[in-house]
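Paired with chain B in one complex and with chain C in the other, chain A is shared by the two complexes that follow.
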Partner chain A sequence: MATITKETVPSQSTVKEKIHGMLGVNRQDAKLSLVLISIAFIAFLLGGILGLVQGLNRAGLFELPSWLNYYQVLTGHGVLLVLVFSTTFTIGYFYAAFSHTLGGLLPKVRKMGWAGLGLMVIGVVFVATTIIMGDASVMYTFYPPMQASPWFYVGLVFLVLGIWLYAFGAFINVAHWRKNHRGEHLPLLAYFGVGVFVLLFIGSFGVTAEVLYIIPWAFGWIDTINVMLTRTLFWSFGHTLVNIWYLAAVSSWYVAIPKLIGGKVFNDSLARLVVILSVVLNITGGFHHQIIDPGINEGIKFMHVFMSLSIGFPSMMTAFAMFATFERTGRKKGAKGLLGWVKVLPWGDVRFLAPMIAMISFIPAGAGGIAQTNNQLDQVVHNTMWIVGHFHLTLGVSVVVSFCGIVYWLVPHLSKRVLTPKMNKLGVIQTLIWTLGMIFMAGSMHIVGLAGSPRRTSYTTYGDNATALGWDPYLFFLAIGGTLLIIGCVLMFYIVFHLMFKAPKGETAFPIAEQEEGAHATPYWTERWTVWIILMLAIVAMAYVIPLVDMIFNAPPGSPPFRTW
Partner chain B sequence: MKQAIYGLILYVFLILPPVASLAESVMTIHMHMQMPLLVVVGFLFTPFLKQTFPNFFVQWNAKGVPGILLFMVITVYWMLPRAMDEALNIRAIETFKFISLPFFAGVPLRDSWSKMNRLWKSITFIFLTLTYGMIGILYILTPIQLCNNYLMLEQKTLGWSSLVTALCFLAYLILNVTIDKSKYE
Partner chain C sequence: MKIHRAEEIWLIIGIAIIVISMAITGYQAFALGMAPPSGMEHIDPQKVDDTAPFNNPGVFQTGENEYEVVMTLQIFSFTPNKIEIPAGSEVTFTMTSKDVVHGFQVAGTNINAMVVPGYVQTITQKFDELGEYLVLCNEYCGAGHQLMATTIIVK
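Our next item is the complex of A and B:
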């Protein structure tokens, strides 16, 4: 296999790139990323407030006013955090990464970025308006046969179109860079970016098909809908989205953290293999969200256990690489003994502390995910608060805290400011409050879920049933956790905008770790994206054709719409 | 040698009666999972076999063409509905499946691929695209049950699965033709 590395091919940096390197961040590119990050954290604050309202209501401590519906709040919370926050932050982060590592965004790509933002804003306006009006309390999963206002789904179309524009922009920029750097490997962070945008683009095919199927039904042009089909199409995207955030978080673990702690990238080839595996094996994982769905036979569910578990491999590889990086760096700094390297890690630096907590949380979060992938284990917890606890641990800690960790160096870098020791200290406090809040909230959610408390329901004692009353202490802890989280949420909102507009002016480097000296050359097959994409499509086909054909040809009578709120 | 050991483990796993009957219980898994995995077993055996019998491969498959023709014949044979049926009903044919796919399809494909020129590689891709496409259309449109062991719906599912596989090959071909690699590599 031919291997070409930076060492074997002379760099062909353009004049523009050299200028870019000297002047630091490109202001126009930075503006786009900063606007996206601002939107992300406004959504984060609003979603957080809705989360608190919901948590207090669920614990029986707060009664919602008559004009506000629990499911409306739940929908707003999910849409703002799961769809808006995560997507806008991910795109803003990777566009900044492309700008930095590829020598700036192309003017047309920047324009596409603004156009994509415009489309996403239009989408969010449609979606938010219908939720506020009480016409779309269908939660972020918008499962039929619950039916929202048709304009809710039209808004989702705009959101997807915006995402596609960003994906095309990314591909154009990467192709341009590769033309000017023939034979070279794409910088690792940009490589992660390609993986993320491939997943965003191809992963959204399923949900696009679903929304285009729902719209005629929502407008009343068709009377009934195939519920199983829509759920399956949704999760082909839903699960992919989860892993898109995860891949974004992991990119900072591989690329930025080693630099911040004074270490090197553990192994460039391994990192790229993690990206390839995460892309190729991802979409098929969607089925484990449907293990309890009755319309899929056991054979298919059994097959999908393996497909879902396969995504555990790149996660394990990442865990190994990360801890190897920490140990190597610690030992280089003179650490002795089996675990002496733990002590020399920069625990007081929020740029390390936050992602480190995110990584540690992924150990129980990933283990929970593996448990839930198994049919029998999932049967016990699937429709309970356990699942809510699980995704608050994965998304709420592993991803969100990683994103917060990125903020501490990315925002000052983009806004040409610096992270002061005072703000670092506040960041550490924010991280600890958030972590404590999540331990209380996600922890009690897991326990109360095992005790049988259902998810997606507002507060009820089921006529003072003894079992239901037994959940109350845990729900109380859930409310305490929620309260701590809103404090963390407000602090983070303040930190982001302080770093953007108020922090002292100065230069903050974009931390990109280098490879170890004498590292093995990365094989060039890692750059063959055509092969990986086709392989991904083939695996998606293997996973989805059998159940989809069954759902379409053996479909029960379709369902008319329901408005349950 | 390492690859051969992995191949042997996969081979034994696929032969295990519960695994084989589970894979054969669904028509699409039978053709699109079990059979390709048997080809992969052959892939993994190839370096070991080439090391053990170097003269055989030089003598019989110097430029890769005989090997790829053998691969095509075996592939087409296992796409026939009757072959699938017989593999389920007749033990000898089942045995032939477990021998032919690794050794007459997987091994020759891997051995031939590096020896073939661009033309033969393109022919192989076009051949796979067309056969999967045609078999897909056949299985989708045929109004009668082609295999005694599988229901009509399974047949249609296999048809769609084959068609999607053909589309994947087609997408790869189009991308390979339209993207000028010399501009990037």
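Our next item is the complex of A and C:
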């Protein structure tokens, strides 16, 4: 591969840091992370309740009262879960990880963290208020020329500014650590964190430009808007965002799980390569949300099949690394035969069970993703319930269940408490109920979507149309899944806050797996972030410059605003 | 950096999946003409009613067994409403939106296209089987989105 300039073993750290490492996350930093995680799970509970309302409505079992609109509910569900829950959890998790692995956050960075939180809260208040007042039933994708209250978009600006502050904080802390540890490798978990914040920062440029363009239109200062431009800018971000959550989940698979099952990091260099590839190849995947849009020609759409599929490559590396870790650890514990290692894994330990289920679910979820990225196959399922089934598998299981798995050790670590066997058992039950609920819900969503049932549509039979009536049995299973899910949702909410305030006091370790003895040293080029960022920008330019220039300079007359709800 | 033999094989399989996907998708798109709808023609979204052919939406015979449906989409309806065509005909839908983004989907077929204001979107499909097809809007377009539907009758 590339020239190796300098090789060092990543875990060379000073004695002082070893002590820090044992002490874990700094107390003051822990508070910030706990607040972020609390917000995440409040959003999770609220979002879950709205999800149930949707599920029951779509099955025709629940008619919404006149003061509550299905599309208002769905906008809330999307915003709470895909923006608020995942962002706050990811940031809380990585800030704890930085504190633990880099010897505490710098006081300046901690302050930025609280300021970032303030900005995000202001943003959420604006967004939530406009949605509740019924002035922003535009979904989390807010496609123009539908136009929400201008304050909805102003709220989004605050949200983005908050995220940027966290990203800058992360970069400052990492740069400071590197200055004091010349020639050393960033700890693997912090390395994942850098990847995540690089993506959060650069990935949000598109949506920031979009929102800054919408705001003058929303206030009425400009009359019309370029619709395709806004859609394209949105998806450069929307797609990146979901992959960021996935990368956050994956970091716990690589770093925490081996430790929890008594194993070692499978291959430090390859793990870092996965981060690099996930960062470099990510943003351009956004076009797969526009495969059947007008205004983008067939050649560009074809190039984007490759851009989207390439992200499957690091996922396959991850799949290999995970199962290799399990096998190796199992054999060390004396497992025999081809699959003997499966039995010696700690299935009863929720800290293992949850992420394991998350990984397994990514096999069908990833396969579905690869299939629907191919242009003609996408045309079959685009905007049907199939897609909703797809992201409840990827986000609702792979990501959410991984995050829940993190909760069982991160929250007690931060709150200086312990996970009791009883809580562990409740966690196992929670994981199984959630998984079963998602199998029902996402399963029936996939089937009914193939049959043609559209997404983002409240209960309807289209005037007792026979085709639409044929969907009802599946939608009923969807509602059963949703009911199981709300039980899982409430249980998880209870578990998080129990671990935060009620569980017995004690010390819980921050699980960080070490490298195998005599492992090959990781090449130092993995630390060349400038190179990876330039490479990423080059690929983004390749993907976006031609279509964006075309959309801007060869645009049809713009659209005036509409409020259609 | 060392990579295991088994992992090499695994990753080659990964690359193969990507390459084969590309080959099939490319072949279907460019050799079989199955590329996804990508209308590039522009229209002023505020002047749809005055712009040909949308000033006269309807079903038009364009050849033997060939039809064109000129259609506008607006909250929360399709114009023309109720389309009838003989079995075995190839139908090209030429569409645009008079307001927000809509979706044009015919359940049970591969017809699925986004109809975005400012663009003329087209999609072609051969209807062989007799029956009634459900046409619906699959992009959220407002409070009455769940009502936006019509039918195509193939007889």
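We take it that the second predicted complex is superposed on the first by the 542 of 565 C-alpha atoms of A that agree within 3 Å, B and C clash if a C-alpha of one lies under 4 Å from a C-alpha of the other, contacts with A are read in each partner's own complex, and residues count from 1 in each chain.
In the analysis below, a contact is a pair of C-beta atoms (placed from the backbone, for glycine too) under 8 Å apart; a residue touches a chain by one contact, two chains touch by 3 or more.
A quick note: this is a predicted structure, and the numbers were derived from the prediction, not measured.
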{"item": "Partner chain in contact with A:439 - chain B first, chain C second, else both or neither", "value": "neither"}
{"item": "Touching partner for A:556 - first (chain B), second (chain C), both, neither", "value": "second"}
{"item": "Chain B versus chain C as contact partner of A:458, first or second or both or neither", "value": "second"}
{"item": "Which superposed partner A:115 touches (first chain B, second chain C, both, neither)", "value": "neither"}
{"item": "Per-residue touch tally on chain A - higher for chain B or for chain C", "value": "C"}
{"item": "Chain B versus chain C as contact partner of A:157, first or second or both or neither", "value": "neither"}
{"item": "First (chain B), second (chain C), both or neither touched by A:309", "value": "second"}
{"item": "Contacts of A:179 with chain B and chain C, given as first, second, both or neither", "value": "first"}
{"item": "Interface residues of chain A shared between complexes with chain B and chain C", "value": "none"}
{"item": "Residues of chain B that touch chain A when the two form their complex", "value": "22, 25-26, 28-29, 32-33, 153, 156-157, 160-161, 164-165, 168-169, 171-172, 175-176, 179, 183-185"}
{"item": "Chain A to chain C touching residues, read off their complex", "value": "1, 69-71, 137, 139, 143, 145-146, 226-228, 231, 267, 269-270, 273, 290-298, 301-302, 305-306, 309-310, 312-313, 316-317, 320, 324, 370, 373-376, 378-380, 382-384, 451-452, 454-460, 462-463, 465-468, 520, 522-523, 555-560, 562, 564-565"}
{"item": "Complex contact set, residues of chain C against chain A", "value": "1-4, 6-7, 10-11, 13-15, 17-18, 21-22, 24-26, 28-30, 34-40, 42-47, 75, 99-101, 103, 105, 107-108, 110, 112-121, 132-134, 136-147, 149, 151"}
{"item": "Touch list for chain A against partner chain B, complex", "value": "4, 175, 178-179, 182-183, 299, 303, 524, 527, 530-531, 534, 537-538, 541-542, 545-546, 549-550, 553-554"}
